[in-house]
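Pasting the structures in now, so scroll down.
Heads up, the next two complexes both have chain A, just with different partners, chain B and then chain C.
Showing the complex of A and B:
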């Protein structure tokens, strides 16, 4: 089911807007992540979609139907909560069958459906247990099965993995991707973990301060951040930022003057600082001194001192140890310039050239 | 050593407390098996020479206890079920719903808990007599159909259930009504059992109110019926105690089976209240 927001605004107290003029369309069958820092409006947006929160103004469409005035009961979405929210007094079987019971589906039929779904999410051997007897990962699977029980038009997941340990999180995110592919249900996934979002989404909507910062594919988000916030938020290690004027001398011959004049901040991804020009699309050459090199497992990072700014690079592992000062290269990919409003004015099109 | 000593002391206090609590109960059972002269003997006699089992038959015949028993059961069941129903609805409203004046209303109700029950006897009596309900089941039942103590206890429990369970039920297609009865009430089983048991005991043992609002023999409940043994000529203690023993027997049985819930419920209500 396609979801469309038209000028949706939400205000809890009538004075300040928690969400400001949201406009977007989530295509049918896609897995979309809502990504952003805490308090950015992700869960609020999800609650607007589910109908748990009414929009202050604007319209919400499911397909071509205006559902703005419908509540959660009428919208028929499936939802998985951060703490799973399973009914503790019901068995796994009854938990999964609960939405069907509410629709007055006959017992035999709803139990059959519950068993099918339990198989899909791999908890079919736990049907008679109570949620309290299951591990976190199993509870999450049951919650997903329950959300899918009524064949929802939309599957909404609110930070479903944040209560799981690191290894299980990776396993479960692959599971969510698999289940989504198998069922083809349009899925909206809230997370504050960019790694999670980048791995499983068809598209990512970055929300901050109640606004959509960027809504695009994961690759686009990384390769072509539309503003400084997205550039800083996406990517690990965090992008190097420095005042554009410090780079002015090194950029004058490579970038148009009128762009440089407007440039306020430069962003350089750590992998865009390389020791040699192998013809990988180098933008310019900079002179810097090597400050410190560290190695963690397979990751090696080095910090450079460039005009009083510290730059982090992940591409300098093979550098001779005694080299402390020298020339380094900036690649075109991973180099961005932003104007005084934080909007992207240069970069992000390396692949096109 | 000090640790052991404090433990011994602790047990001593607990045992003393237990004996103090148990003494009246044992005295009642013992008296119920004595002859009339034995009941007032000095020094007191703990174990009667010959167990007078006949006291029980005599006591039972002395008054229409079968009728009193039926009345007690009717009043206890009706007040408990009725009170539980109204309290669950009210507690849900206070815990979950948003309505105008909710907090003020809650405070006013909370204030009513400070009014001693004895003060309400006269206004309640006047109201019921104006409704010509005196000496009917109505008088015995209606005033007890709402209890803010029960509302308050249940509200605390309802409030402690996670919001997300409520939202999940909403998403799953449950209305407030369905959520309340299929999710919230089963989840709050232990508290509900506890308040039920407290209400059953209170209702079963109620003496003052049934005494005041009933006149006819056929409307009396068991505790009131025990008065039959107190006459102008004095009290027949052995028969009174025999009757008392079988009056409290159902409650003792209830307690034995549900003590886990009662203790849990009381400590819960106590902690949060």
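Showing the complex of A and C:
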């Protein structure tokens, strides 16, 4: 089901706005991530969708229905909580069947449905256990099954993977993607982990400071960040930023003068600094001294000193060790200029050219 | 230290640490318990010389045939059945209400807790006045709804009920505090999850609150059963040293007290104590068995 926010505002204390004028549409059947740092408004947005929190002003639509005034009971969404909130006194079977019990579905029927869902999330051999006897990953699966039990048109997941260890997290995010594809349910996924969001989402909404910073596909988010916050937030290692004026001399012949005048900050992705021009769309050449090179497993990073600014590159692995100074190239892809409000004014269109 | 193996020396050291408490427990609890159990089997006993002539089951046979003891058991059972369920339900309801209204709950918590820290004798004095047939508050309020004045403390039909009402009031405070602690320990996340799962307020109460608070309910009811079986001081204070009008408030402990202090039949008093112990044990075992299935920790 399509979810639309129209000028939604939320204030907990009536003075400061936690969420400011939220406008967006989540398309039917998509898996959308809400991504951002802690305190950015992700979970608050999710609670607004679920109905656990009423909006201070604005309207919320499910499909074409205005649900702004409805509470969580009436909205009938499925939700997976960060700590799963499985009922400790009920068996896995009863936990999954609980939403159906609340709808007074006959016992045999709801147990049959619970078993089907347990199969879908691969916990059908754990049905008689209590949640306390399950591992974190299994509890997570049970929580998803419970959320799906009433066949919701909307599935909300609030940081569902943050309590799992690294390997399980990767496994479970693939599982969530699989389950979402199999059921086709519109899914909204809250996370602070960009890796998670980039891997499983159809679209990502970056939230910070109660505002939508960018709402686009994962590729767009990385290749064309709309503002400095998104550029800095997305990508590992973090994008190199430096005052645009330091680069001015090296850019004058390559970028329009009026853009350069407005540019305040330059952002250079670590893979955009390369040792050779192989015709991969080079923007300009810079002269810098090599500072330090490190290698971690598959990754090799090197820091460059350019006019007193430190730049990090991941493309300098093959460089001779004794070379301490030289010319390096900046590629067009991964180079951005932002104005004094942090808005993107140059870059991000390398693919189009 | 964690993986230390027990040796003779370490066991001895542990025993040394335990010794002060062991001495106290053995002298004041274990020894009297064993002694009173033995005493219940004395057939022929001289209190002054502490000589036991012969042993036997005569004391229990006496109890079996004593109509006063039958009355005491009957009254005690009625008392327990009257006090415990109402106390549990009422204190849970009040705790739920207090949990809802945060701003006055501190005041009410104190108000409800007062009876618990007040001496039983003082409470009985106040209730004596409340139960006064002509000027008492109880009859005044009953009069408002058209009930004729009841002579609470002198009518054998009502005196046990009067005792039950006063005991419930006295027990409420402590149990409310226990329930409040239990309610506060329930993670709000379960209520949110239940709301998302489509449970309305009533369903959330039955499917989240009741099971999650069951350990406290169990504690309160076991505690209540044991305490109510041992009821004595309220009767003594409320009826000024008599077991109610026409023995209407004679309970097992009161019976034991009378046999011991007024009739000097020590072995019979001991035997009635053993019977009381057996009854409490039986009921507690039933509760324990029930809790296996219905209490979720």
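One rule holds in what follows: the second predicted complex is superposed on the first by the 353 of 353 C-alpha atoms of A that agree within 3 Å, B and C clash if a C-alpha of one lies under 4 Å from a C-alpha of the other, contacts with A are read in each partner's own complex, and residues count from 1 in each chain.
FYI, contacts are C-beta pairs under 8 Å (C-beta built on N, C-alpha and C of every residue); 3 or more make two chains touch, one makes a residue touch a chain.
Remember, it's a predicted structure, so these values are computed and weren't measured experimentally.
In the superposed model, A:78 makes contact with both chain B and chain C. Look at A:146: by the touch rule set out above, it reaches both chain B and chain C.
By the touch criterion defined above, A:169 reaches neither chain B nor chain C.
Shared contact residues on chain A (touching chain B in one structure, chain C in the other): 50, 52, 71-73, 76-79, 81, 83, 85, 87-89, 98-99, 101-103, 146-147, 150. Partner chain A is touched in their complex by these residues of chain B: 162, 164-165, 167-175, 178, 182-183, 186-187, 189.
Of all residues in chain A, only 50, 52, 71-73, 76-79, 81-83, 85-89, 98-99, 101-103, 146-147, 150 touch chain B in the complex they form. By the touch rule above, chain A contacts chain C in their complex via residues 50, 52, 71-73, 76-79, 81, 83, 85, 87-89, 98-99, 101-103, 146-147, 150. By the touch rule above, chain C contacts chain A in their complex via residues 187, 189-190, 192-200, 203, 207-208, 211-212, 214, 296.
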